[in-house]
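The first chain written gets the first letter, and so on, giving A, B, C and D; residue counts start at 1 in each chain.
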Amino acid sequence: MSIMAPAADKKLTGLVAATFTPITSQGEINLSVIGPYIDYLKEKQGVNNVFVNGTTGESMSLSVEERKLLAEEWCRKAKGKMDQVIVHVGCLSLKDTQELAHHAAQIEADGIAVIAPSFFKPSSADVLRTFLQEVASAAPTLPFYYYHVPSVTGVNVNVRELIEGIEKVIPSFRGVKFTGSDLMDLGQCISYIPPHWSVLYGIDEQLLGALVMGVHGAVGSTYNYVGCHVNKLISAFETGDLVQARTIQFKIQELVSFAIKLGFDVGVNKQLMNELSGLDLGPPRLPVMTCPAARALAIKQKYDMRREQEPSELLDLGQQWAAETSLVGLEQL
Amino acid sequence: MSIMAPAADKKLTGLVAATFTPITSQGEINLSVIGPYIDYLKEKQGVNNVFVNGTTGESMSLSVEERKLLAEEWCRKAKGKMDQVIVHVGCLSLKDTQELAHHAAQIEADGIAVIAPSFFKPSSADVLRTFLQEVASAAPTLPFYYYHVPSVTGVNVNVRELIEGIEKVIPSFRGVKFTGSDLMDLGQCISYIPPHWSVLYGIDEQLLGALVMGVHGAVGSTYNYVGCHVNKLISAFETGDLVQARTIQFKIQELVSFAIKLGFDVGVNKQLMNELSGLDLGPPRLPVMTCPAARALAIKQKYDMRREQEPSELLDLGQQWAAETSLVGLEQL
Amino acid sequence: MSIMAPAADKKLTGLVAATFTPITSQGEINLSVIGPYIDYLKEKQGVNNVFVNGTTGESMSLSVEERKLLAEEWCRKAKGKMDQVIVHVGCLSLKDTQELAHHAAQIEADGIAVIAPSFFKPSSADVLRTFLQEVASAAPTLPFYYYHVPSVTGVNVNVRELIEGIEKVIPSFRGVKFTGSDLMDLGQCISYIPPHWSVLYGIDEQLLGALVMGVHGAVGSTYNYVGCHVNKLISAFETGDLVQARTIQFKIQELVSFAIKLGFDVGVNKQLMNELSGLDLGPPRLPVMTCPAARALAIKQKYDMRREQEPSELLDLGQQWAAETSLVGLEQL
Amino acid sequence: MSIMAPAADKKLTGLVAATFTPITSQGEINLSVIGPYIDYLKEKQGVNNVFVNGTTGESMSLSVEERKLLAEEWCRKAKGKMDQVIVHVGCLSLKDTQELAHHAAQIEADGIAVIAPSFFKPSSADVLRTFLQEVASAAPTLPFYYYHVPSVTGVNVNVRELIEGIEKVIPSFRGVKFTGSDLMDLGQCISYIPPHWSVLYGIDEQLLGALVMGVHGAVGSTYNYVGCHVNKLISAFETGDLVQARTIQFKIQELVSFAIKLGFDVGVNKQLMNELSGLDLGPPRLPVMTCPAARALAIKQKYDMRREQEPSELLDLGQQWAAETSLVGLEQL
């Protein structure tokens, strides 16, 4: 089955945008942008799923009440437009997490995802599984995803070990958002899970390496603005055109590594999205700092860079040495 | 000035117990234990200050509402009994932190403390200072302490750099709970601050190394049950009796390193406190696991161990090699 | 060009075995095994290149003199049998490294590789480049490879940055042994280098993710005993049979993750090789411990495991959930 | 016993300079400076012990032969002048380490020290003990010290566990150079060892915290140029003048933290020593870079800074807030 196939059985596949949270200039959540945001993702990026209130959405900087209001608006506005709205409900506090999980069921989200608690770190896969089970019990029928992001949480449990027999304690378990670079653990998860579960990859700049391992989709912040290109990358991969798939992946890597050199955090990412999408998502919240204007513009310029070469050269990897491929922006691929 | 002197000017000095949060067997907060807990600390341990809703208090596993209820009860019951109640108000969300800071002022806490946000980690001392400033602005007259604990938060800013000129943006700034092993940074803080600020050390098992640098007090979880011994350690240090000070410090190190070998987290610590104090503080909350009964008992046994030697031997460091000092428990010192 | 194409222009491609160093039971190097070892690699594993005196070869536990004797014997015995012998010459001491580089040229090795010095860690890509340049100057015409293995050295320079313009200071530069999980850096290297350079991947258990990025070959210790299977994996990948490529990769991951659970270091790896190859490579040297016999046997058993299923089931990823694929060993694929 | 007492029984106590290795401008070892270097240490710094070929001495960048030549010259020139010459013999290779240990016995060094091998890291205290035992067997009568420096080696074994019963396998064991910030482990070592062993502390900028725990001496690179001040610090500590002891410690911290901000590695340290001592120790070796001249001069200026205050103010910690203590250099204390 293509990872871009329609989700008739609601199996979560294809691209999922990890959405930014719209904030007003006064620092309050801004629900009015969510409708246009959904239209933009669908029409401009060809992205049909969203992962809301996650890391990109600064959920940890929001109050429980704000998270509810946001989740509700995303579900309401996405109805009939998006394939799936996955609401991330993870908090440090189990109680708050359960409350958000229960709320997600009430507002008819398509699924919930939970990050590992990162202050008191679960001491083993067993402890983490127990924590997740307690969350799932508050929304027992809602598809449940574990959100694995060890570089942020410091919780580096082996996911294959975590999901061993997990359907016995979490019958609603449906998969993993895997944001890690351990492709052995990733591969062992893919090889283990039943057909109706999904493993979605979360490191956008190395998606190709996860596609070849067999992931069913991808969740990431850059799909907010390079989703249309990554859809082409996936198509190229699926039709066996590896040269084209690599070319797109390398351009995205070039963009991301350029951004990283300048300092690339959620604040910069959000401002870049403002520049590229035309939406007004506002500033981030402390402790994420507002991005200096020049930095987002420099990255946007990298994104827009006009091509100076013939397409044939671009695709001929053997000639990349001579050519300065960095002069070709993503829009030109 | 002795670090045990009365806090006439409300300068925070001496021992401060980082309190556990009482929880019922049903998992709800248990306010009824707080009164007896305060009496126990004062009478049995000689500890006259508390640091509530901190790491030991599992604040990150509590809802905002629960934290308010707890803080209120601690302030109410401590009135006239404790010298100072410091309420930790740090959360991942600035909004929630501000709400708790404002609440702490309303309930007349003696001060607030704020941990560095650990999910989105402040990228520099400047960013962290800005975050702290926003918190302080919600309770501008309340003595404000930064809670430095890089091993838990992963936020390893240089504290000396953080506090440079901090009184200009946080006029209520009064000091640091320094839970780190970088004694150079610690020393530079002590050497820098004005006389009415406090630097309180937070690694109980190496307090002596911080006392010699000149800290004004100590905040820690073990002071809930070894406070009476540590008061003796401090007195010995202040009167120049280093042999006695070391002897007590080494016994505490022996206890803590024994506990660490068995697995020592907040759950184990809480159960040990239950055993030693006779109070019913209940279990911890997930993701902290309830301590296996045998583990807390083994540690308690280490604590209680009967002495087999004469006191003179004990204090003669030159003879420790032959003697098996581990047969002497803390209670016998 | 296929990554398995003959290396007419001596471009380093395909599988490269990172060889173990034969040691006698008395702890001395055992040159007599090298001839049979080469025959075994060629005939039993279809591996035609070796990377000698690397991490697997415990070079850091050898004296300079021992390394010379070993390199010489490998070059002598490989003549006419192996495509290329790459001699790793990296040491902590630049002087020793230069001496070994010069020696490698004298014995007509096909190339040299150098690991980053890991005691005093180069503080930047520039410093590392300067160090490598000094080494290369001792063997200026010998193809030169940088060996990137940040998890071992702690030197995590960006390789793309390191190789920027490196041909100007090291005209003999020919590529990188990339043993890291940062596929963005890997991709940016592949996209940058000229056609006659090579990027060889070094994490055997996730090779497929690097193949799709376009690596030209792979260097690893497991190719000593799963080389024949990985040759099939590469062929399957090159002909577009991803199901077969994944199946082999997942089996190798299963083997490696099983080994890791039991404790998998160079000592265990060497003993496993002894068991699987029938060669007598002897024990490792301290501080690597000799592998407990039972451990290597348990891993060998995992390797040999008899199949209980039909091949069609094996390749149908959709049915892996029901089937216990771990019952199928590598030999049966 | 005072830690500055004469070492009648050869117990290693007091200050030990971790020496730099003199290198000519052509990059060769420069034995001619060693004699004057010893005189300088004795006369200008009051330092009577040396730790040669350690980290500061860039031993890992030297060949085995160079290390022998250096050790020999240090022993020859120190005779009758220094109390003890401890030769560090640790290498990655056990064979080389044994050769150097044997050589140290031949040249009549007063003791040897061994760092944990840091490439293949010992997987436990037991493995490390076995490694050390093999080294000691090559020089069985020479006093043996373990050199613990986890921040450099990445080998963070518990030293207390390592030395448990170590005299049974290494009868010549005499102590530890403890360069770590875990004062619990340090304290447990001090409390455990017999009277004729020594624990020497290795983090110069927080020596006071180790003195109070009971260390018997200190080994460090800064004692090459602040040894005279640290001798005063130790005297002040021993006579109970903590204010004076702290004042000196804080000034050293100020110097070191200033240097760290500018970038402080062995290369900078060596150039600073050149400037302060007037000796010509030359440049470091790659991968340590030669220090930019301006950097060493800026640090030297910090060292020399003229005092602008009365001594009484200096010692009144209560007034440090108002005063700018950084205007007082070490030479003025």
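Here, a residue touches a chain if its C-beta (ideal position, glycine included) is under 8 Å from a C-beta of that chain, and two chains touch if they have at least 3 such contacts.
Please read these numbers as outputs of a predicted model, since none were measured by experiment.
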Mean-CA-position distance for chain D and chain B (Å): 34
Centroid spacing, where centroids are CA-atom means, of chain A and chain D in whole angstrom: 50
Distance between chain centroids, defined by C-alpha means - chain A, chain B (Å): 39
Multi-chain contact residues (two or more partners), chain C: none
Category of the chain touch graph - line, ring, star, complete, other: ring
Chains that touch, pairwise: A-B, A-C, B-D, C-D
In the complex with chain A, residue positions of chain B that touch it: 58, 60-64, 66, 92-96, 117-123, 127-128, 130-131, 134, 152, 154, 263, 265-266, 285-289
Complex contact set, residues of chain A against chain C: 160, 181-185, 187-188, 190-195, 205-206, 208-214, 237, 240, 242, 245-246, 249-250, 253-254, 256-257, 317-318, 320-321, 325
